[in-house]
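Lettered A, B, C and D in written order, each chain numbered from 1.
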Amino acid sequence: MQMIKTAVVGASGYTGMELLRLLLMHPNAQLCCVTSRQYAGESLASVFPRFAKADGSALTFIQPEAKLIKDSGAEIAFLALPHGVAAEYATALLELGIKVIDLSADFRLNDQQVYEEFYGTPHPAPELLQQAVYGMPELQGRSEAIREAQLVASPGCYPTSIILPLVPLLEAGLIDPQSIVTCSMSGVSGAGKSSNVLFSFCEANESVRAYSVPKHRHLSEIEQELGIAAGTPVTMSFTPHLVPTHNGICTTTSALLTGDASKISEVLEKAYADKPFVRLLGENNPADTKNVTRTNFIDIGWAVDQRTGRVLLYSAEDNLGKGAASQAVQSFNLMAGLEEQAGLHNL
Amino acid sequence: MQMIKTAVVGASGYTGMELLRLLLMHPNAQLCCVTSRQYAGESLASVFPRFAKADGSALTFIQPEAKLIKDSGAEIAFLALPHGVAAEYATALLELGIKVIDLSADFRLNDQQVYEEFYGTPHPAPELLQQAVYGMPELQGRSEAIREAQLVASPGCYPTSIILPLVPLLEAGLIDPQSIVTCSMSGVSGAGKSSNVLFSFCEANESVRAYSVPKHRHLSEIEQELGIAAGTPVTMSFTPHLVPTHNGICTTTSALLTGDASKISEVLEKAYADKPFVRLLGENNPADTKNVTRTNFIDIGWAVDQRTGRVLLYSAEDNLGKGAASQAVQSFNLMAGLEEQAGLHNL
Amino acid sequence: MQMIKTAVVGASGYTGMELLRLLLMHPNAQLCCVTSRQYAGESLASVFPRFAKADGSALTFIQPEAKLIKDSGAEIAFLALPHGVAAEYATALLELGIKVIDLSADFRLNDQQVYEEFYGTPHPAPELLQQAVYGMPELQGRSEAIREAQLVASPGCYPTSIILPLVPLLEAGLIDPQSIVTCSMSGVSGAGKSSNVLFSFCEANESVRAYSVPKHRHLSEIEQELGIAAGTPVTMSFTPHLVPTHNGICTTTSALLTGDASKISEVLEKAYADKPFVRLLGENNPADTKNVTRTNFIDIGWAVDQRTGRVLLYSAEDNLGKGAASQAVQSFNLMAGLEEQAGLHNL
Amino acid sequence: MQMIKTAVVGASGYTGMELLRLLLMHPNAQLCCVTSRQYAGESLASVFPRFAKADGSALTFIQPEAKLIKDSGAEIAFLALPHGVAAEYATALLELGIKVIDLSADFRLNDQQVYEEFYGTPHPAPELLQQAVYGMPELQGRSEAIREAQLVASPGCYPTSIILPLVPLLEAGLIDPQSIVTCSMSGVSGAGKSSNVLFSFCEANESVRAYSVPKHRHLSEIEQELGIAAGTPVTMSFTPHLVPTHNGICTTTSALLTGDASKISEVLEKAYADKPFVRLLGENNPADTKNVTRTNFIDIGWAVDQRTGRVLLYSAEDNLGKGAASQAVQSFNLMAGLEEQAGLHNL
C-alpha cells in the first residue's frame, strides 16, 4: 500500500488537531513530522490525550524548522499557521522539494493588492501567488490543477460554504451577481484554540451575535471565486455570526433570480451529483450542521421565494472539516495520486 | 399601592411560564387566576418547581373557562394560547368586561385575508380585528393606543427584532423598502415546550439550521408594520434559524441605502433615545443575545457597508421577553395606567 | 479481505445509529440487514442524513423478522432492542444459526431471580442465561469466552465505567468491597432518542440532577461482576446523574483502602497496560469525557485520599461507545476471528 | 424607604457581576461605589452591557482604595476579591467603620492553622478571625450573629450545598459523621471569568471531569461546620466535577445511617420548613439545578438506600446565587436590619 510521508506544521490549534486526527487514521499517510513551538519535545499523546494509544501517537513535536521537516522525510506538508508566517514556511519547504498545502490565507488570492487591502500587510511571497492553486476540488478544472500543484491554498471555512452553492447558479446565469446577501453562523472552534475570555464557555454559551462587520477578511477569496464563476467582478454582503456549537457552519445565501427558477435543481445536480462530498438535499430542505460535523461533506438545500424573486441557498459543513482540515486532506489525496476519498470515509 | 387582578390563560408553556415569572414578581399585579387544561387542580409550585416558596405560588391551576376567569376577579387577562383558540377566549372575556392581551397571532393583522393566507384558516373573530392594537409601544402613537385598548395583540418574537430597527429608517426614507433581507437565529424555546424529538437535547445541541422556508408565518405581521412605516406595501426575504441556546433571538437585516448613510445614527437616536427598553449600541457594534436574556430590552447596533451600498442592522432580544411575555407586560402596564417599566426592572 | 455479513436489529435509536456508523466504516463488516418497525421500507440515508453518500447507505430498513434477517445472509446480528423484546429475537436468531450480540440487559445477569428483582418481570429466556457471555473483553478469561460464544450480552454504559476501574483492586484485595460509593454523570443520549419533554433541549440544558435513585437497574450487573472479582457478594451505593452533554459518562468511585495504597498503580498497570482500549492516566489525573467521545477508549485515573483512607477512581468513556456500540463491535471482532481493534481506530 | 449605601469591591468577575445585578434591583440598597483596578474610570454599563439603561448603571468604577470607598458614603461593603487580598481590604474598611461582607475564604475558618494548611500561606489578618461570622443564616443561632456582625465571611459555593443538607442529620445523630462521601457538579462560572483555555467553550463543552482531587480547599470550611454540628471533628471525601452549564451546583452526598431512617424527613422539615430559601423536595426526589439558577434557593431531596444502609442527600443551588452573591445579600439584609428576603424575590 502506498504510504505518503506527511508533515503537519503548526499542529497545536483546532485545525492542526483535526489534521492530526485525519492523518493518524489515513490508510495512505504516514505522519512523520509534527511541529509546534509551544509543544516541541512533547509527544502527540501528551498534548492531545484523545490520541493516546493510537498508532503514531508516540510521535514527538519538533521545532518548526524547514530543515528538520525535510530531514523527517516529509513529501507533503500541511501548514496550519497564521497568515504571514505560513508564506515563509511555504517558500522554504518548496525550495526543499516538499509539496505544500497551506491552510492559511496567504496563497488564496490571485491579486496581491486585494491581499494587502484585506490583510493590511504587504504580501510576504507574491512570486508564489500565480503558482498556488485554490484547493476546492469541486470547482471546474480544479481537481486536475490540484493533482499537478506544488502549492495548494486550501480554502477558508466561510468561503467553502458560500462558494459551492453559488458557483453553478452564477455560471448558468440564473442569478444577479450583485444581489448576493449571505449570513453564516459558525461554531466557536472557528475562533481557534483561544484564551480570549470572549470565547470562554460562560461568555459564548447562550450567546449569538454577528462579528467582523461589515467587511470580513474572507470576503476577498469569496468574491474572487464568485467573480470567476460569474465572469464579472462580484461584490456581496456577508455577515458572520458566532453561535454556541463546537463546530459546524450554517450558511444562508439569498440572491435575486434573473433566470428560470425551475432550472436550479437541474443546474446543481449537474454540477454535484457525481462529487463524493457534496450532498444535495433538494428544494425547501435546509441543511443542518449536525449531519456534517467531523466529515468532509457539505450539504446543500435551496428554496425559491416567489414573493421576492429570490433564491435561497442553505449549506452546512464542518468549519474544521470541509471548511479546513478534511478539505485539505482531499487536496492531499489528489496531489499524492490517491483516490480522492482516501481516509475521508468518516461518518 | 395599586394592585391589578390578573389572569394568565394557558400558562403551561414557556411563554406562559415567563408571564407567571414576571407577574409573580410584579409589584402591581395580583395573579388571581392561572388556567391550564393539562394542569387544572395542581398548584403553580408543583407544576413549576422554580416558583415554589414564592409569594403567589400556592395558586391552583383552573380549567380555562371564561366564567371561572371572571369569577376570579381578573381585570386583565393574558392569553398564551394557540392561534385560533385565543380568539374564542378573547371574544368571551371581552364580553365579560375583562381586558385582553393576546400573545397569539389572532389579532396582529389588520387584514383578515392576509390572516387566511398565512394561517390557512378563516379568521375566527374578524369583527375584533379593527379594535385590536398591535402592542409594540415604541412605535409612533402606539403607546397611547395601548393605554386605551380593550384588546392588545402582542407581537411575535421575530417581528419585534426586525420591525424596531427598520421602522425609523423606513420612515426617514433612508432605505429601499423592497430590498430587505433578514436572517434571524432563535433559541430552542421558540419552538415551545415540545415533545417533538427534533427539539430534544441530542437533536438540537450542535445543530444549526434554517427552517420554515421561504415563507414563515410571522412575515405577515412584519410586512404589515414595515408597510405602515414605509407608506407603501413591503415584501421582504426572511429566513429564521434554530440555534442551540435556551432563549434569545439575534437578527441581522440588510437593506439598500437610498438616503444619506450618515443620518442613520441620528434617526435611530431620535426614535429610541428616550425609550426605556431600546438600547442603541452604535455603529459597528453588533448586538449579543446574552445581554438581553430574561429582560425586556432590545439591543440594536448597525453598520454601513460602503462596498455594497447596504446598511446592516443587528438586533438582539429575548424571544420569551421583549419577543413575548415581557413586551406583553409592558402593554399591561400601559393598559392598567401603571408606569411603563413597572415590574420590568429585571437584569 | 474477510467480510462478515452483519445485521443490526432495531437500528433507529442512538445506540443503533452508533452501531451503523461503526459498521459502515468497518473494513471487515458487510452490513447486509438493518431492521426497524418504524422505518421499514426507508433507506438508511433518508432516516440518517449523516450517512448519505456513504458506502452501504443505500441499504433499506426491513421489518424485524428473524426469517428476513436470516435471508439477508447475516452471520452475526446486533440487537439494539428494549429488554424483554431482545430475548425473543436472540432465541429465534440463534436457532437459525446466527450469532447474537445483545445490547439489552436480557442476558447480562447469571441469576434469573436478580433479573426479576431489578427488571420487574420474569426472564423471557432463562435457558439461554448460562450460555451468554458478559461481553467485557478486558476481564480475565473473557475475551477467550467471547471468541467461542454464540451469544454475547454486551454490557451497559454505567457498568463498564464502574467495573473496569474496580475489578483489579478487588481482585488484589486492596479495597473493602462493601464500602463502594459511586457517582456517575451521563450525557443525555443515555436516555435514548426520546420524545419525553424532560429530555428536550430547554429542559435538559442548564440542568444537572440525580435520577433513578436509589436503585438503578444497572446495579444488578455491576454488583454481579464486582462480586466475581471480590470473591464475595458486593452491595454498593450508585447514583447516576444527567448532565447536558450529548454523550460521555464520567464516573467517580470511592472505596475504603484495606491494602497497600502504593500498589494501586502497579495493579492497574498490570491489568490494563496491554489492553488496547484502556488508557491509564496515572495518579491525581481525573478522566475527561471529551477525550473519549466517539471512541472505544475508557480512560482511568485515580487518587489516594490519605485523610479518609479512601481510594478515588475516575473514569470516562462514551456511553454510546465503550459503554454500548463500540464495545459490542469489540466483541464482534473477537467472535468473527478478527483483530480485536478492527474498525475501532476512530479518534 | 430605608436605603443602605453599598459598595462592591472587586466587581469585575462573575460573583461581582451577580452582586451588582442583585444590588441594582434591590429596593433598599443604593449602590454608591464599585471598584475594579481593571475597569477604573469606566461606567458599569460599558463594562457590563447587560446593565445599560438600568437605574444606577451610570455609576463609574473607581480604584479599590479604602479611602475612596469611605468617601463614597458606603455603609456596607461586599468584597469579591481573591483570598489574601480580601483580608487587607476588610481590615482597612472595618477601621473606617464600614461593615464588611467578604466573599473570599479569608474569614471562613476559625482556626488559622487550618487556613495555612489549605491555602498554603499564613493568614493575613488572624486577629479578625474570632470576630467574623460564617454567613449561613439557616444554621442555628447564625442569623442572630449576622445581625450583630461587623464582618461576615460569606460561604463558598460547594460548602453551602453540602453543609445545609447534612447539618440537621448530624445534629440529630442520624448518620455516622466519618462516613460521608460527596460528589458535586459545578457549572463553569465556578472557575471565574477566566482566560484559561481550559474553560473556553470548545474545551468545556462536551466535557465532564473531576478536578482538584483529592483535597479541594473548600473541604476546610465544610468539615469545620459539619464538625460543629456533629460535636466531633469530621473528615470526609469530596470530589468536585466540572460540567458544561453556566451556573448551578448539584451535590449528592452519601452517609451511613446510624439512627432511625424514618426520622429523616421530620428532622429536615423541622430545620427548614420555615426558612424562606430552603425548599425540601421530599423523599426520592433529587434536586435539579435548573430550578434554582439566578435565585437564592437551595433545593434538597433525599433517599434511603436500604441495601447499603446509607442515606442519600441531593441538593441544588446556584453557585453564584445561594453559593455566593445572593447568600451574601441575605447577610446584608440581616446586617442592615432589613427583611431577610429583601431584594431576593427573583424567580
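As a convention for this text, contacts are C-beta pairs under 8 Å (C-beta built on N, C-alpha and C of every residue); 3 or more make two chains touch, one makes a residue touch a chain.
What you see is a predicted model; the values in this text were computed from it and never measured.
Enquirer: Going by the touch criterion at the top, tell me which pair is linked by more C-beta contacts: C-D or B-C.
Expert: C-D
Enquirer: Please flag the chain sitting at the greatest distance from subunit D, going by CA centroids.
Expert: That would be chain A.
Enquirer: So the centre of each chain is just the mean of its C-alpha atoms; given that, what is the distance between subunit B and subunit C in Å?
Expert: 47
Enquirer: Roughly how far is subunit B from subunit D, going centre to centre by Cα mean, in whole Å?
Expert: Chain centroid spacing, subunit B to subunit D, equals 36 Å.
Enquirer: Take the average of all CA coordinates in subunit C, do the same for subunit D, and state the distance between these two points in whole angstrom.
Expert: Comparing mean C-alpha positions, subunit D is 39 Å from subunit C.
Enquirer: Check each residue of subunit A and list the ones that touch at least two other chains.
Expert: 203, 205-206, 244, 246, 288, 290
Enquirer: Going by the contact rule at the top, pick out the subunit A residues touching subunit C in the complex.
Expert: Counting only subunit A, the residues touching subunit C are 21, 24-25, 49-55, 276-277, 279, 281, 288, 290-292, 294-295, 297, 299, 345-347.
Enquirer: Going by the contact rule set out above, which residues of subunit A touch subunit B in the complex?
Expert: Counting only subunit A, the residues touching subunit B are 181, 183, 185, 187, 203, 205-211, 213-215, 235-237, 239, 241, 243-248, 250, 252, 254, 284, 286-290, 293, 303-305, 307-308, 310, 312, 314, 316.
Enquirer: If we count contacts the way the header does, which residues on subunit B are in touch with subunit C in the complex?
Expert: Residues 14, 188-189, 193-197, 199-206, 244, 246.
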